[in-house]
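The data blocks that follow each hold one structure.
Note that chain A is present in both complexes that follow, paired respectively with chain B and with chain C.
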Partner chain A sequence: MESNGILLLVAVVLPLLGAPLVALAGRGLGRRVGWLAFAFPLISAGTLLSLAARIGLPGSEVIEWPWIPTFGIQFSFLLDGLSLFFALVVSGVGVLIFFYANFYLDDHYEHHGRFYCYLTLFMAAMLGTVLANNLMLLFVFWELTGLASFLLIGFLHHEEKSRIGARQALLITGFTGLLMLAGVIMVWLVTGTYDLAVLLGSGLPLAEHRGWLTAAMVLLLLGAFGKSAQFPLQFWLPNAMAAPTPVSAYLHSATMVKLGVFLCARIFPLFVENGLWAPLLTLVAFTTMLLGAVLALLANDLKAILAFSTVSQLGYLIGYYGLGPAHGVEYDYLHILNHVFYKGCLFMVAGIVIHAAGVQDIRQLGGLRRRMPWLAGVCLIAAATMAGVPGTTGFLSKETMLKEIFEAMNGHGALGIYATTCVVLTSLAKVAFSFRFFANVFLGEESEAVKKNFHAPPPAILAPPLILAGGALLLGLWTGPLDALMRGLAVEGLHQSAPHLALWHGPTTELFVSLAVMLLGLGVFVLGQRTAWRWAAIPRRLRFDEYFETGIEHFSKFTKWLTRFLRADKPVDYLPVIIAFTLCVVGGFMGYALWPSVRESAGAWTWDALAPHPVRSFVAALIALSVVGVLILRRWTTQLISLSVAGFLTTFYYVLYRAPDLALTQILIEVVTLFLILILLGRFPRSSELGEIIHRPSLARRRLNVVLSLGVGILMTTFILWFNAVPHPDRIGRFFTERTVELAEGRNAVNTILVDFRGFDTLGEITVLVIAMLGGLGLLMRYKRTPEEYQEGPMGPPGLGIKHSERREEP
Partner chain B sequence: MNGPRSFIFNSTVRLVFFLVNVVAVYLLLRGHNAPGGGFIAGLATAISLIFLSLAVGVEGMHRLLRFDPVLLAAAGLVLAAGAGMLPMFVNQPFLEHFQFHLSNVPVLGEVHAGTPLLFDVGVFLVVVGVTCKMIFVFAKSAQGLRALVAEEERRYSSPVEQPIESDAPPASQEAAARPKEERHAN
Partner chain C sequence: MQIETALLIGALFGCATYLILQNSFVRILFGFVVLTNAANLLVLSMSGNPAGRHAPIVGSVARPLVDPLPQALILTAIVIGFGVTAYLVLLLYRIFLDQRTTNAAELYEDQDTSEHT
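Right after this comes the complex of A and B.
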């Protein structure tokens, strides 16, 4: 346990804490910082592998540290087949991507430290999400991945495309993440625990809380849909491709977008019994699948083709859990691993092509096989895997996919038929655009654009895609390891034991359908080549992002309108609104709550309760007198003195009630406030006696002020009378005064409350104090920095006094 | 307040300054067991500094203090949060406090103190820093002086932006066109 815990911390927390150091090191190291950051995925992958070996799969283990035990929130991790599978994928692909990024991000880019910092942070957040056992912890890491993704998509933030893409991704994944939080809290309200292992062990009380849990399920799934870019939120993923290619390959194909799939797999055993699970997942996911495939066929940008095909495949992966039989699914790891192999590989290939040729429109590419034969080979394998050609993992995945979908057609009726149609059409489109991707980039004649721009990539950059393509080919031919993997990592409740995978299952229906799809797909491809893909263009209506952007625009217009509508020129004008609102709400509530008890005790209540205490009444009368003085005196100096007298007399009142701390504080605050008012009043208009014209408020306004002031006075008086009339059995103050020596070892209860019992509140208060001061300073500033000065940062030029040698030129 | 200075006031303030601070430290140290504490002591020290600023002139305070009171507040916040985090290193929850009783300390004899004092010192520093900074800034701007010295201006100012309600072209060109002195002027 102890050593496993340390291994886990090394895998997850080390990159989390190391990320800022990478950014710092980047200032001195420049692009070489990538090799420093490369250590993090290596370490994580190594420790996770040894963890997987130690816990004895298919068992599971929970490693836990207390975080906020009062609310049941623990820093707790669940190590089982599913989480380790995803964690190994994340860190394994991480190793390849970090390696690849070191060659991809050459000196044309700047801020390497920042880039690797975000990337490391992202990897740590991903590992945290998939390994989390506490749902609240899962949510925290979940949103952290969204944040890291925002930073990475917006990395090239001088381009508007990046900014829009980053904003869309953040808004959608962030908002759906909040919906997921609501779902998590609803699950907690029903079961009283955030602990996934406990929930999976005991199941949910579906029978008693059906409606409530269905709502929770829908909210959780909405979180998954947002993260995995499901219909109708699919548009953010293609726009996220504005990020540098290693980011696209890592976040937006291999790992982050799979979080939705992961969440579906995690909660599959909990909710699969629910009647809404299958229809919701099937309809949304298979629609996404078909839409993604069609759009991938219509797209012309290299990365867009891959992005839409990712959307399509994510649809399948999620829909897979929707249609899965209630006692468990079989081949989900195969499908996920297959997608990681070919999509990660193809993205890296696309990155190399874009890097080398400087063009990313597929219509302007071609003939690259002569210049990069090895890359052509890798791309051929990956494209074949995507198309599902026999001999690759793609083929295995497609065979099992068709087999399962035919089974589902028997079990699910209309839903199954819909899913089957989508799957067959998607496979067809996939074959077509896979061939197109390979053929139009590597075969044919070299275009003018390529001839002009081409520069050879460093050979080592080829290693990561080669490894992925090799994996797809090897495991496709030799299925033993895949079988072992699926057996070893199977999770109880989610999986059932699968029949052995084999290359040749005999002449089954799936094989024939697969052949037919392949031929038809080839037909579409040939047709496309004949017509030179002139019809290939994405109708903007189908991308949905325009609607989203319009909505955002209207929202910002609305907020501007609201601000202008509510704004007053003088701050004093806000006061009547606030006071009137307080009077209505508090007074109304008090009247509503108090009236019955007042009527009831009307007879019993006597004036004795108000029997005046001689000293106190004397002080109170003095306070009232000085307040009246403020109202009737004419000069501000005398008014101010009158007001201060009222303040100091309040101190005396505290002394009468034996509250020395309060009295001390009151005196000191009174002094400081007096200074403040004196300082500021020096700048105010002089009084009318000195000849300055003062605009007095109108009579109606003054009457309103009187009414409001009296209202507040009456409200407070009622409040106090009520609180004193109702004897409270156990005042919390007594607890503090009685236990202060015993629990806090201090005899001054006021102070022990401040620093010990309620220390956290005090910490919050002093933080707010500092924030308010900084805000006040910002508001009082008359000096604004120019953009040039601002870029240099608050402390002068960046770095340790070393000027950056080169600055990326603004386009 | 930038009128003629009185010699009597100036001399008295120098004495009062030390007296008030002695009281403040006394209040701070005894806070856990008797009336007092970080907040009260912080206010007292802030008042002593304000008195001093009345004597030497608020623009002279920067020269006298040699640092930005905001740094005090920041240090206080770090100290308070640090005192809270300290127990986490010995596997105790955040903000758990410990008391130590030391006997035979030279000069002081028996000392009873604990981590609450560290936390209280943090509160003290925050209160001193925030109060002084705000009062000094208000005082300086009310007297028509520059509210912040040059390097502080860089620290707290925001970039030139366009106001939310106008749809005019970005203000950056406008700002660049304006001469630099004008922007610095009050």
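Right after this comes the complex of A and C.
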């Protein structure tokens, strides 16, 4: 346990901590920093392999450190077949990609340190996500992958399409991630735990909390759909291809977009019994699959073809879990591994081609087999795997898929027929664009663009795609290791005992369908070649990203309109809105929540209790009268006098409330305030005062002001009456009066509170005064004196250099 | 029950709101001063009806005292209220020097015309 924990930390946390160091080292090392970063996936892959060996699969182990135990959130990891499979794919492909990137990112690129920092961060986040046992931890890592993806897509941020692609990816994956968080919390509310191992062990109370858990499932699946670019959110993935090719190969085909697939696999045992699971997954995923395949057939950009085919394949993988029987699926690892092999390989091939030829439009490419024969061979294998040609893992994947789909057709009725149609049509399109991809890049005549731009890539860059293509071919022919892998990594609840894989199943329906699809696909390909793919263009109606961008634009216009509508850019007009809103919310709340308690306390509202105190009433009336004077009087000085009268009368009110300290302070402050405002009024021009009397606000506005003021007044009165209706039985003030002599050596409790019990508050108060003083000083001294003013003497005219005598006459 | 205090505080808050909603700098400033007093009285009312109680100064004879905590809070609030008032006075003065107006609405009218031209 102890040493396993250390191994796990090395695999996950070491790259997380190492990422900033890579960025730092990049400043000195330049592009060579890639080899330093290369160590991280190597270390992670090695430690994960040794962990897998130590756990004794198909067992599982939970490794846990406390994080926020109060909320049931632990730094907890679940090591079982599924998580280790994904973790090994992530780190294994990581090794290849980091190697590849070292050759791909040559000196034309800048900021190598930053690039490898993001890439390392991404890998660590991925490992954390797939290994996490606590759903909250899973969410944190999940969003971290989205963040790293955003940084990597926008790596070439001087190009607009990178920025747009990065923004779309962040908005979609981030928003759906938040939906997933809501789902996680809903699961927690029902079960009281975030712990996956516990949940998988005990299952969910699906029957008791049907509606609630269905909502949670839909939210979790929405998170998966966003991350895995499922319909109708599929558009962000092709736009994410603006990133450098190693990123596209790593994040947007082999690993990150598979997180949705991973999540579906992880929660499969929890939710598969739910009635909505199969229809939701099947409809969304198989629709995505067909749409992606059609768009891949219509696309002309090398990376776009691969991106849409990735979208299609992700639909295939997710839909597979949707149709899976309740006692478990069989070949999911095969499908995932197959996709990793060919898609990672094809992306790297595309990257090498783009790098070497300088163009990425498939119509401008061709004849590269003479210049790069090895690459042509690798690409042929990968394209054949994508098409599902016998002898590759693609063939195995397609055969098993067809077989299960035919079985599901019996079980799921209409859903099964829909899925079958989609799978057959998709396979057909896949055959066609696989051949197109290979033939139009490597066969035929060499195009002008290639002749002009070609420069040979370094030979070592070929190694990673070669390894992947080799894997596809080798495992396609020799199925023993795949069998062992699927059996060894099987997870209880998710998998049924995997039957034997074989190249030759005999003359089954699948085989004939497969052959027919292959022939028809070739037909489409030949047709395309004959017509030179002139019809290949993505129709605008299927470009959902345009709708999304328009939506974003309209949203920002709407917020701007709302701001203007509420007059938030004009404080004078906005203040009534704020006050009215506060009145509605606070008043509404008081009416709704407090009215019952007010009614209960109505017994206390006898005449005796309500009888006003005569002296206090007299003083209160005087204060109110003088404040109303401020409203009615027109000259500033008379208003000020009225205000001061109110202030001094408040002093008396304090005395009536047995507060001698307050009364003293109030007198002093009132005097100083009077002088201060008097000085200010002396500096304002008389014309302004007269102008105020003449230019009054409109009648409607004055009425609104009166209504709002009355509302505030009534609200405050009600508030105090309600509060005082039920006195608190145990006042905190009693403590101070009882202990002031003993603890603070002072008889006046108010004084001891200020200087002793709550001394730091007083310090804060003094600090506020100092800040106000400094701020006021800054306001006065901002005026820059002219040379003439400067010559009038060191102090200049009154007002720290401000000649107000002149200014008074100007307006 | 302190019905007269409740009514007084309501009146002060209402008047302060009305003053702050005006366009004139001077009236806004007065509104702020009234608002400070109203808030202080609001806290004071929380110490309960003072009838039959004494100032919170502990003597040799045990007798009922009013709650000292609201008073301590208000004492701080009065001083801070003064600090903010002083800052507001200087701020209004500064705006007047820069913009040559004592009318808040005029500040934004100028802004509008400069935006359109």
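The rule is simple: the second predicted complex is superposed on the first by the 563 of 811 C-alpha atoms of A that agree within 3 Å, B and C clash if a C-alpha of one lies under 4 Å from a C-alpha of the other, contacts with A are read in each partner's own complex, and residues count from 1 in each chain.
Here is the rule we go by: a residue touches a chain if its C-beta (ideal position, glycine included) is under 8 Å from a C-beta of that chain, and two chains touch if they have at least 3 such contacts.
Keep in mind that this is a model prediction, so the values were computed, not measured.
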Original post:
Between chain B (first) and chain C (second), which, if any, makes contact with A:Arg564: first, second, both or neither?
Top reply: first
Original post:
A:Phe760 contacts which: chain B (first), chain C (second), both, neither?
Top reply: first
Original post:
Who does A:Pro660 touch here: chain B (first), chain C (second), both, or neither?
Top reply: both
Original post:
In the superposed arrangement, which partner chain does A:Val628 touch: chain B (first), chain C (second), both, or neither?
Top reply: second
Original post:
On chain A, which partner touches more residues: chain B or chain C?
Top reply: C
Original post:
Can A:Ala749 be said to touch chain B (first), chain C (second), both, or neither?
Top reply: second
**OP:** Answer with first, second, both or neither: which of chain B and chain C does A:Pro576 touch in the superposed model?
**Re:** second
Original post:
First (chain B), second (chain C), both or neither: which does A:Leu769 touch?
Top reply: both
Original post:
What is the contact status of A:Leu780 with respect to chain B (first) and chain C (second): first, second, both, or neither?
Top reply: both
Original post:
Regarding the shared-chain residue A:Thr673, is it in contact with chain B (first), chain C (second), both, or neither?
Top reply: second
**OP:** Could you tell me which stretches of chain A are touched by chain B in one complex and by chain C in the other?
**Re:** 660-661, 665, 669, 672, 676, 680, 683, 747-748, 750, 754, 762, 769, 772-773, 776, 780, 782-783
Original post:
Which bits of chain A are touching chain C when the two form their complex?
Top reply: 570-572, 575-576, 579, 604-605, 609-613, 616-617, 620, 623-624, 627-628, 630-631, 636, 639-640, 643, 646-647, 650, 653-654, 656-662, 665-666, 669, 672-673, 676-677, 680-681, 683-685, 688-689, 691-692, 695, 697, 705-706, 708-710, 712-717, 720-721, 723-725, 727, 731-734, 736-737, 740-741, 747-750, 753-754, 758, 761-762, 765, 768-769, 771-773, 775-776, 779-780, 782-783, 802, 807, 810-811
Original post:
For chain A, which residues are in contact with chain B within the complex?
Top reply: 66, 560, 563-564, 660-661, 664-665, 668-669, 671-672, 675-676, 678-680, 682-683, 744-748, 750-752, 754-756, 759-760, 762-763, 766-767, 769-770, 772-774, 776-778, 780-787, 789-790, 794-796
Original post:
In their shared complex, at which residues does chain C touch chain A?
Top reply: 1-15, 17-27, 29-30, 33-34, 37-38, 40-42, 44-51, 53-59, 65-72, 74-76, 78-87, 89-94, 96-97, 100-105, 108
Subject >> Interfacial residue positions of chain B with respect to chain A in the complex >> reply: 1, 27, 31-40, 43-44, 46-47, 50, 70, 73-74, 76-77, 80-81, 84, 93-95, 97, 99, 114, 116, 119-120, 122-123, 126-127, 129-131, 133-135, 137-139, 141-143, 147-148, 153-161, 164-165, 172, 175-176, 183-184, 186
